[in-house]
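What follows is a pair of complexes built around subunit A, which joins subunit B in one and subunit C in the other.
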Partner chain A sequence: MKRLFLFGFAVFCSIFSGISCSPATPQTDRIVIWHWMTDRDKAFQALALQYEKETGIKVILELYAPSDVYSQKIIAAAQAKILPDIFGILDEKSVVADFITSGFVADLTADFKADDAAWEKVLFPKALLVNRFDPDNPYGVKPGIYGVPIDITNIQMIYNKNMLKKAGILKPPATMQEWFDASSALKRVGLSGFVSGWGELWMADCFATNYAFNIMGEDKVMATFRGEIPYTDPSWIKVFRIFSQMREKDVLVPGIVTKSNKDAEQDFALERAAFAFNGSWCVNVYNDMNPKLEYGVMLPPSASKEFPMKIWGGAGSSFFVNNVSPNKTKAIAFLKWLTAKEQQTFLAEKTQNLPVNQNSLASIPPILAEFSSSMESTTHPAIWPLNEDALVLEAFDRGLQSIIIGEKTPEKVAAEVQKVKLRQLERQKRIKNDLYQ
Partner chain B sequence: MSSAQSKTLSGHLLKDYLSSFSFILPAVAIFVGFYIIPFYEIFNLSLHDWNGISAGKTFVGLENFQELMGDVIWWRSMWNATYITLIALTFQNILAFALALACNRAIHFKGFYRLVFFLPPVLSEIVVGIIWRWILNSGVQGNENIGLLNYLLNAVGLHDLIHNWLSDPNTALTCIAVVHSWKGFGWGFIILLAGLQTIDRRLYEAAQVDGANSWSTFWNVTIPMMLPVIMVVVVLTILGSMQSFVLILSMVGQGLVYHTEVPVTRILSAMTVTQRYGYACAQGVMFGLILVMVSFIIKKLSDRMKQA
Partner chain C sequence: MSGSPFFNKYRLWRWFKSGVVHVFLMTVTLTCLFPLFWMVRSSLMTQETVFVDKAIFPAVWHFQNYWVAWTEGHFGIYFLNSLVYTVFVVIGIVLISSLAAFAFSRLHFPGKNFFFYMFVAAMMIPLPGSFVPLVVLMNKYHLGNTRIGYILCMINVGLPLSILLLKTFFDKIPSDLEDAARIDGCSKLGIWRHIALPFARPAIAVIVIFSSLSVWNEYILAMLLLNDQSLMPLQRGVMYFAGSHSVDYPLLMASLTIAATPIVLIYLVIQKHIIRGLSSGAIVG
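So, the complex of A and B:
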């Protein structure tokens, strides 16, 4: 009995101590990748098999979805120091910077620059920008390229050709006024206007920043982030007013403010709305939901002639290599292979996403070509010199919701956002002072 | 007693102690490892400013708690959770008790009713949320309502009641609270039914002999005998409703402004949206303390009622 108890106790202790230790991963002929892209898993698995045949290295793909849960898993894995060989970071650039400065992400600059920058040259420069840290970046990251984009994307307006035709609209609207007129024409024939997944706050935020760039230009937006221009400035009020106008003109489908993007995609695919705001990934989604859907792509209707309309875009999804992985070199070699022309063409065909390799563009379908034609108009928070404080952003996004449901005026929201901004500026100043003392 | 004897005795005692301790050691280790250490770690983190990734954490003392005390959105989320709890305590538990009383009588298809009433609690909250999101959907296709509720309202001619149920600040939280109660009443039903079945039938017979009508039997026999069970259901309802969030996420995603925020979604938001792990831990500690206090008050109230 005593022996049995001692044996049991020893087993318990070994299990217990095993839980608290991070597993040591020896160098092997296998690479482990954690990803979140449900729609691309099959294609990735096929490529993994092909890679094993070609090189003898087994690629194990582990899918963790949805993306917000994946994001949490990566942060938890970083805290526990059990990150896989290759992983994605689905957060803002400041979070990517934190991963880099904490030593979790490998610097890939040398690999991109090798052989006269052969790898770097073959990829879309806009896609690489997202993973590039310039000298004097505000995050204190050593300049270089840290991630490998595997596709490119951009978020634009999409219109249903048949619905527009039914309402007698001959060409997609180019200005806000034309858009409002088009929405009224649609209403007259009993059709709904615009849908988007604004229950996911970042999508409404993306729409708003497009107009911020269009109305006041990038410099003024950045000056606001630095605290030099208040959110109560007339230009920002104009941005907020776009949302109140959309509500007043009855452009938005009912319930847009709590709609998930999946539901919004379904609404557009099933012709419940004539316009949508969505990313280039939607081509695959719409194809699954309604293969007969006829639609086109357009830039959001401009609200000002002073500055060009900018849309979010660049790298769609990126992979990072674990800096402390014993399989680091193998992981980098796999990513190089994954972004080569043949594999990118295969991914574009199978998943209908825009390839990151410039040489693979020739084989993409026409609707994706429409998306890719606006790549020059893209920008992204990840390539801006600085990002807005997260608490201010939350107040901003919630404020947009308040305007859409008619609860607050643009002026009131602007004042509330500015109040949070001032509080955060004060806090940052205090932290800086504490650091110097 | 010789010194050799006393040495043998103390040796035996020591052996006894050691063997006793070795038996409780695994349980103590599990308790310390999975309760004490995590709680200490959470409290420790609540005294720091940390983004969840970087190696360095800045000690800020009680600053997170100070900020929390003045955080209007946090207290609003606390009120929202209280509102959901109040609806659950009344609507959900009264319904559960009424149905338990009905099923405790000799009625046909008793087993079938029990099964039906217990179905919602065993469904996943995500699934329930998605189903109800479809029922409460306010979208239209052509002139047809997509959501079942609006469709039915339209079909019976109650056009004025057609509504943006989940996108209107006046109805969103109530809709969530009602769905939460619908999903949760089965638990209360099962516990209360089990409680009703333990009441000695002779008490009812005695009451009948004394000439008590069904109303006074209910107040003077059923309720006093059921009090401990009712208290258990009340505590479980409060703890379950205050901590509900999965249903909210599946019904309104990231929420409708701050109208559908509850403490757990605020904690999640502090961790995932604003990357303030220290603040999120302070929220967690504060929320835990509030729940412990509420449970303690209910326990005291229950003891007093038992004595009375």
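So, the complex of A and C:
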């Protein structure tokens, strides 16, 4: 028995000492990338092989999914000081700022600005904004560009061409009235109107802020965030009323306030709704669920002519370079290559994501080109000068849900949100006073 | 007729009660088995039919999904890794926890209760809360990205509950039995080997199944600790088919079926011991 145990122990030790190994010491002819994009892994691997053929530098792509586990891994790796040459930070801008101020992320400004800003100029400016830190940014980060976007994304309205044709609708609606008329026409032929994953609060919030920008403009929205304009202002009431009108006109599919985006995507892909509000990633999803689906992309129907309609969008996924990596220069060179026209076109074709390189637009699938054509109309909370307080935002989003289910009126929700806003402003004032005393 | 022994009211009442119990149990069984059935059913469909075909059994059975899942998800190496991790972690947990529990139960040493409660208190720490410190610690001792590092971490995760379970069992061993063994010439280790371990067999069965389940299904710690893809466990292969936006459902379901099969088999093999362990209070604590 004892001999058997000793034999087993010896086998265990020999197996594990032979197979296991600590991370190899960094080599100068290879770059290690940690990513989380399962659906793009094959395309990345193909590009890595091509890069090795062209330059002799081996690119090792390691996939860690899902994204929330990836985020934890990056934080743990930063603490253990074992970050790879290239990685992503999937958290808010404040976390990116923490990584930068802790010295984990390389400043890429000089590389973007080199050769008369050749690299910067080929990328969508809106995509770069997410990784750019302006002078006097609230995070105390040295101004500059720190991340490389590898694709772009935006969230728009999508319509089913066949369903619209069946209802006799010749062109996608451009105004709210046209949209409501289209929904009535759809109802008449027994088809459902609009679906979105509003069980995920941020999607309803995104839809509402689009209309806030359209009805009152960015300045007034920011003034509300600063507490200078109340949520009971007529412009905000108009924003809330859009949701009550959608309910009254029976535009929404039943149960929209509890739908996850995955369920909503399934509804649209299987032609259970004629309109959807979804991100550009849906091209991939719809293609998986129903390759024969015929659909088009449009901006949300405008509610006012005073200000242009804005949609959320910008950089989709971004990579950052490890500031202390011995392969920093090679890592930057690879990212420059990855965002070049040919590689971006290849990625768009293989993964159905919008390319970050503006020169790739001519050679991408038409539906992606439709999405890209609205990039000028994009905005995003990450690039706004300030964001709303989290508790106010929650009250706002919950209020939207209450309006949709007919539990509360727009006026009541506006009053409730304003009450939370005043409480938070008071709290912030108190904290500020305590700090100065 | 009411006087007939066949329609005796007590017999009818017993049948009624038995019928209600059986209907209830069948409902519970169905709700437990239906997700498994749905997983296998979906694994035999295509991405196009999985959303539209509402039939209980698919019209065409795509068994090739299993082969595609196995090869594309690199299940060969991941399967072997999970097998190695499960075997060594379970052996480690059973060995260490039984020795520790025996010491806490039958030996007298200073700070015995303090150390025992420290182990029990470790169960209160939420698992994800300990992940980042574990990664930092393992890397400090050059055990990050190694099989041994991962196995040690998983043993550490499984120890508190196992010690608690086994101590409860060892506490029940009559001291006369221990004295008799000592008179027969057994050392302390001998008593552990020949008296305590056989006595705690139901509890060990419960520990084996619980630990196997937790190691087999573990993913987050492996992702944090391991970088080399060739060291990853089976769940890594499953995740390959679940993209952040698009999911290949048939392949995901096929990979889940592959991943679930061994653990179902383990359960079936040792279910007698598990049931005895549960009914004799192994998890009462």
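Heads up, the rule we're going with is that the second predicted complex is superposed on the first by the 324 of 437 C-alpha atoms of A that agree within 3 Å, B and C clash if a C-alpha of one lies under 4 Å from a C-alpha of the other, contacts with A are read in each partner's own complex, and residues count from 1 in each chain.
FYI, a contact is a pair of C-beta atoms (placed from the backbone, for glycine too) under 8 Å apart; a residue touches a chain by one contact, two chains touch by 3 or more.
Predicted model, so just to flag it, every value in this text is computed and none were measured.
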Contacts of A:Trp281 with subunit B and subunit C, given as first, second, both or neither: second
Contacts of A:Thr101 with subunit B and subunit C, given as first, second, both or neither: first
First (subunit B), second (subunit C), both or neither touched by A:Ile82: second
Contacts of A:Gln72 with subunit B and subunit C, given as first, second, both or neither: both
Touching partner for A:Met289 - first (subunit B), second (subunit C), both, neither: second
Touching partner for A:Ile256 - first (subunit B), second (subunit C), both, neither: first
Touched partner set for A:Lys419, first subunit B, second subunit C, both or neither: neither
Contacts of A:Lys113 with subunit B and subunit C, given as first, second, both or neither: neither
Which superposed partner A:Ile405 touches (first subunit B, second subunit C, both, neither): first
Residues on subunit A lying within both footprints (that of subunit B and that of subunit C): 12, 16, 72, 75, 79, 270
Parts of subunit A lying in touch with subunit B, wherever the complex brings them together: 5, 9, 12, 16, 68, 71-72, 75, 78-79, 91, 95, 98-99, 101-102, 104, 190-192, 199-201, 253-260, 267, 270-272, 390-391, 394, 398, 401-402, 405, 407, 431
Touching residues on subunit B, where the partner in the complex is subunit A: 22-23, 25-26, 29, 33, 49, 51-55, 58, 137-143, 146, 164, 166-169, 172, 251-258, 269, 271-276
Parts of subunit C lying in touch with subunit A, wherever the complex brings them together: 47-48, 51-52, 88, 128, 131-132, 135-136, 139-140, 142-149, 219-220, 223-224, 227-229, 231, 239-248
For the subunit A and subunit C complex, residues of the former touching the latter: 12, 16, 19-23, 34, 36-39, 41, 62-67, 69-70, 72-73, 75-77, 79-82, 266, 269-270, 281-282, 284-285, 287-291
